[in-house]
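Next up: the structures, one after another.
One chain, chain A, appears in both complexes that follow, with chain B as partner in the first and chain C in the second.
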Partner chain A sequence: MTLHPKIESPWRTRKAYWYVFPSLFLFFFFFLYPMVYTVYISLTNASFFNIMKEPAFVGLENYEALLSGFLYPLARTVLFMLTSIPLKVLAGILLAVLFTSTSLKAKRILMPLALVPWAAPWFFSVLIWRGMFNEDFGIINRMLLSIGLPSVNWLNDVTNAFIAYNIVEVYLTYPFMMSVIFAAMQSVPLDLYESALMDGAGSWIRFRHVTLPLIKKPVFWATIMTGIASYLIYGVPFLLNRGGPARENEFLLVYGYKEAFDLGLYGYAAAFMMLVFILLTIAIAFLRLTRMMEE
Partner chain B sequence: MNAKILSAILTGFVSLIVIAELFPLYWIVSASLRPYGTLYTTEVRLIPTDATLDAFQWLLFESKFFIWLKNSLIVYAVTLFTCLATTIPASYALSRFQFSGKNVLLSSYFVLSQVMTGMSVIGLIALYTLLLKLKLMNSLIALGVIYAASLVPFTSWYLKGYFDSLPRDFDEAALMDGASFFQNLRHVILPIAKPGIAVTIILITVTTWSEWVLASTLLGSENFTLPVGLVSLQARWETPWNRFAAMSILYAVPIIAVFIIAQRYLKAGLTLGGIKG
Partner chain C sequence: MPGTTIVTTQVKTVTTASPTTVVKGTVIVWHGDADPVARITEELIKTEFNKLYPDIEVKYELAPEPFQQKLLVSIPAGTGPDLFEWNHDWIGTFAKADLLVPIDDLMTPELKAKFVESAFEAGRYRGELYGLPFSAEVGAFAYNKDMLGTRPVPKTTDELVALMKEFTGQGLYGISVPMVPYLVSGFVHAYGGWFWDDETQTVGVNSTGTKTAMKWILDNFKPYMSKDASWDPQVAIFTEKKAPFTINGPWMVGSWRDAKLNFVVTTIPEISAIGKKPMPYTGIRVICMTKSVRNIEAAWRYMVWATTSRERIYQRAKQLGYIPVLKEVLDLADIKADPIINGFAEQVALGRPMASGPEMVAVWGPMQDALNAMWSGTKTVDKALDDAQAEIVQAIQKME
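Entry: the complex of A and B
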């Protein structure tokens, strides 16, 4: 088509919309429309009791209530992002470097095995971890006991549960990070390494000055993707201990979900979810902006 | 340093990581083979000497496994059909046609496919309310259609990329010979697009088979799918762990097998799509 740009291409036709329309309709009706409807609910006093009737319009009342409710879950989530993102990225880089090394044997067996947490359904893995973290029969505590250490109350303690979330999140996501970084490292030309070796560069210096600059971009993007996943984390804390003990470990989506479906405060929870969404949109817009400025 | 020693250390280290990472799977298999009470003893047994198939007997003859399996399959069939029937034509248009709004749509699909899991939780309150009002709560078919809708961004984006990689000479020739756009899709593109569509089907399978958040909110207990059923099994404290373990294995093994067999073909698509939320 690019050969004859002057000639009107047969593909430039409005018939295209007929092909796109069914999927767009599906997506708009079940996804975008609910997002708009969330805005409407957030402006009402909708709750478990009046949801089938017409909830009353309350203006920005729910958003005012967020001033006190939003801060703790946000702080908790930011803390989780600060711990889990570096852990995930470091684990990914470490494994990618190990799998790229020519000294590593049996790669063909080890590599697919290392990707198993990706293959297993995530909630299935989280439930197994919940069993392993169990205070009484969990294998982790029994191993601690068998080497003479005291058992740990994993899921009923704020800090321990937070550590458990990090462990499980790294377990679930390192295959993704590792694959992205590994793929990027394959594109580093070998002669770059060779010339670095000729200059007598040690392996750390080689990594720092040869590999790192070349894999920076894919690592940056994988970090953003996994960072968004940390911001929107829901399943791991919810399935491990429902964001407990009490309500102390509720990250943004866990808090919003529980306000809606445990407490029936649909209006307030909808306002909460909108704020989560707005912050995410701002972050995504901002990141695209900085990326454009870089290029 | 001696290269052989370095190689042995590295290989040993990575093997240790892999063993640690596979340990949860080993543990759940071991739990499924043991009588209930012994899970509470404090000793660490690596190979169960008291192995029994009690849990699997319960699974096959007394549990709700087959009801939940049937529900999962209904949802899956609806999702697969709805998603492919709508996104194949859309991806064809996104790949071949030129129309305004195309680039905006593609980049929004890309961003959305990255955040879909979280977004479905954000929109869940409204979805729940709408389904209540439409009297569609607790409907497996409605859930299947919702899954299909949430897969639209990723599937369209992935398939569009795949269609782009197919040679255009054939379609140009077909159009010259007077084929309609639809005939071109049906008789020229689809036959050579089978590998890409197969990967798409696998991705849809893996995603719907393990969806739990929406299903647990929108379905009543008689319509549980396998993931919701499994979680509910663990939530009730009296459910023996060996039974939970047995059911979760029967649930997860097929999907892990599919993933590992297809891994070679999947990697590119998954790396780009980041299917895990």
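Entry: the complex of A and C
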């Protein structure tokens, strides 16, 4: 008689497969299949005009064509990441500090209000912003005029539109950053602040040397998440002015979308999107690696 | 491709089906008309079509935006509508992409004889028939009689500019013209420019004519217009009586009537600098059958009804100013005497049919971008049009 009856591995029973089947199905259907199909399409000359017939295999031709098309939207996207990520993190930290501070009254009312951008459907908010940025009728220019400043051509100027994207992106994402940082700050033990106070530390010193080191990890994680969101930004530029004026503010996804669905160049657009995906994968792998090396 | 064979065999069976057979099924029609234009058809489907064919359910739906792209994606996937209504300029694109069912086999000489011939021929691409016509349209000149008062109607652009100058200021504008290629095409053609020419197979976006016309528009219209020249704000300016003049098409007539405007439609004034009348693009509204069609018999019944229903064509003309291409309606005395229909008809006579080659799909977007850029001043006219030309030529090359 054995004291330890052999525990049967769950993978030996047929039941187990049924349990994982739904998620496997979703994975294959919504992730793997589209991905494999995109790789296939990217090697053909598929377009509006031949998708009903058989698109011809063209090898790496589409990838060669990317050399000229990829650089501008990539540079534009990197620039957007460089401006929007710091702004989003900064806005998150400032608001989290504000809501943690004991001197702020009416927190119960203000906190839910600050989460409104998160609660409202994002495209709805972007459309309202588009109205607000309207050159003639928008409230922003009306306000500028009322205080004696000239009105700004927000959405039909390359730089101004880029600024508008940043404003809207910060508006849409600060609740996420704020919540993560706020939660992290709640977990900082109070006695650390008390001992810092006893050592005569002012509020900036306390923030810099007590709060910041302890919230570093969650902030880093949230920054990565929001960074990926900036890299893959689509809705904000597309709804504000379709990445315009002309095609000068097209970030990666807007450019890819337009090549695929405005011009019908499915093959080329698929190759483009593969490159977008590969770059993101490399970036994430690199981050993982550096973290692993740190630990 | 298997789908294609099924469709063609079905087409053949329809012609042999006896007219007394009860046709059953659902027909999905996509259109691009917001209310009040769509309302006419929606009501007539209930009161007229369903009396004729009680077993056919028609879903007359406003197409999702962007209309053309949604069709190009959904038809190959088999999730598109059975029929769609749009101008003839899309036929080349859809025919080339093999997304339309040719309808030559379904036609009869009697049916063909009901339409104005030039309009009927607009449904053809490379010899094959893909669409049946139900109206003609154009962007014409309209003015608000109450605002204009006793001042004479401008016959030349010099007179127009003088009046626009008088009106501009204190929340009013001289004119409302949405800056879209379709509506500025009249000036481009008058100056000898063009966007895409089906005959010569050339892009003329940076031709001297196009450039001169655009400069003329910026010099003569921009000072008297709202800074935001996109569709919705411009349309609102005329409807809300903030400008006495506009250039727009029959799809606006319903809203102008709803807004109780006292308006007149006529031809765009002659361009004084060259002594020529603008020659705007004209469009023939057609219904096409897509390769997504589920029930050809039912879809064909609807197609024939929608293009030959006397009531539908009459009401679209009478209420909205769409010019009939159904002979029996066109010949009616009160249609002939209708000032709004006549206004559009005179403009159509001066116009030029839109190009319908598949290349047009590559023209509209960059041309619109160029218009926006030169309007906002981010690019000069020359630079904007040169860039657009390069982009269009490149896109057409990639298509081939």
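In this text, the second predicted complex is superposed on the first by the 281 of 295 C-alpha atoms of A that agree within 3 Å, B and C clash if a C-alpha of one lies under 4 Å from a C-alpha of the other, contacts with A are read in each partner's own complex, and residues count from 1 in each chain.
We take it that contacts are C-beta pairs under 8 Å (C-beta built on N, C-alpha and C of every residue); 3 or more make two chains touch, one makes a residue touch a chain.
Predicted, not measured: the structure shown is a model, and the values here were computed from it.
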Partner chain in contact with A:187 - chain B first, chain C second, else both or neither: neither
Partner contacting more residues of chain A (chain B vs chain C): B
Contacts of A:158 with chain B and chain C, given as first, second, both or neither: second
First (chain B), second (chain C), both or neither touched by A:137: both
Touched partner set for A:53, first chain B, second chain C, both or neither: second
Partner chain(s) touched by A:247 [first = chain B, second = chain C, both, neither]: second
Which superposed partner A:262 touches (first chain B, second chain C, both, neither): second
Chain B and chain C footprints on chain A, overlapping residues: 51-52, 136-137, 261
Residues of chain B that touch chain A when the two form their complex: 3, 6-7, 10-11, 13-15, 17-18, 21-22, 24-25, 27-28, 31, 39-40, 42-44, 82, 85-87, 89-90, 92-94, 96-99, 102, 105, 111, 114-115, 117-119, 121-130, 132-133, 145-146, 148-150, 152-153, 156, 168, 175, 181, 206, 209-210, 212-213, 217, 227, 230-231, 234, 241, 244-245, 248, 251-252, 255-256, 259-260, 263, 267, 270-271, 274, 276-277
Footprint of chain B on chain A - complex, ascending: 1, 9-17, 19-20, 22-24, 26-27, 29-31, 33-35, 37-38, 40-41, 46, 51-52, 95, 98-99, 101, 103-106, 110, 112-125, 127-132, 136-137, 139, 142-143, 145-146, 171-173, 176, 179-180, 183, 222, 225, 228-229, 231-232, 234-235, 239, 253, 256-257, 260-261, 266, 269-270, 273, 276-277, 280, 284
Chain A residues within the chain C interface of the complex: 47-54, 134-137, 153, 156-158, 244-247, 258, 261-265, 268
Touch list for chain C against partner chain A, complex: 1, 3-4, 66, 69, 72-73, 76, 93, 96-99, 226-228, 233, 291, 358, 361-362, 365-366, 369-370, 372-373, 375-376, 378-379, 384, 387, 391, 395, 398-399
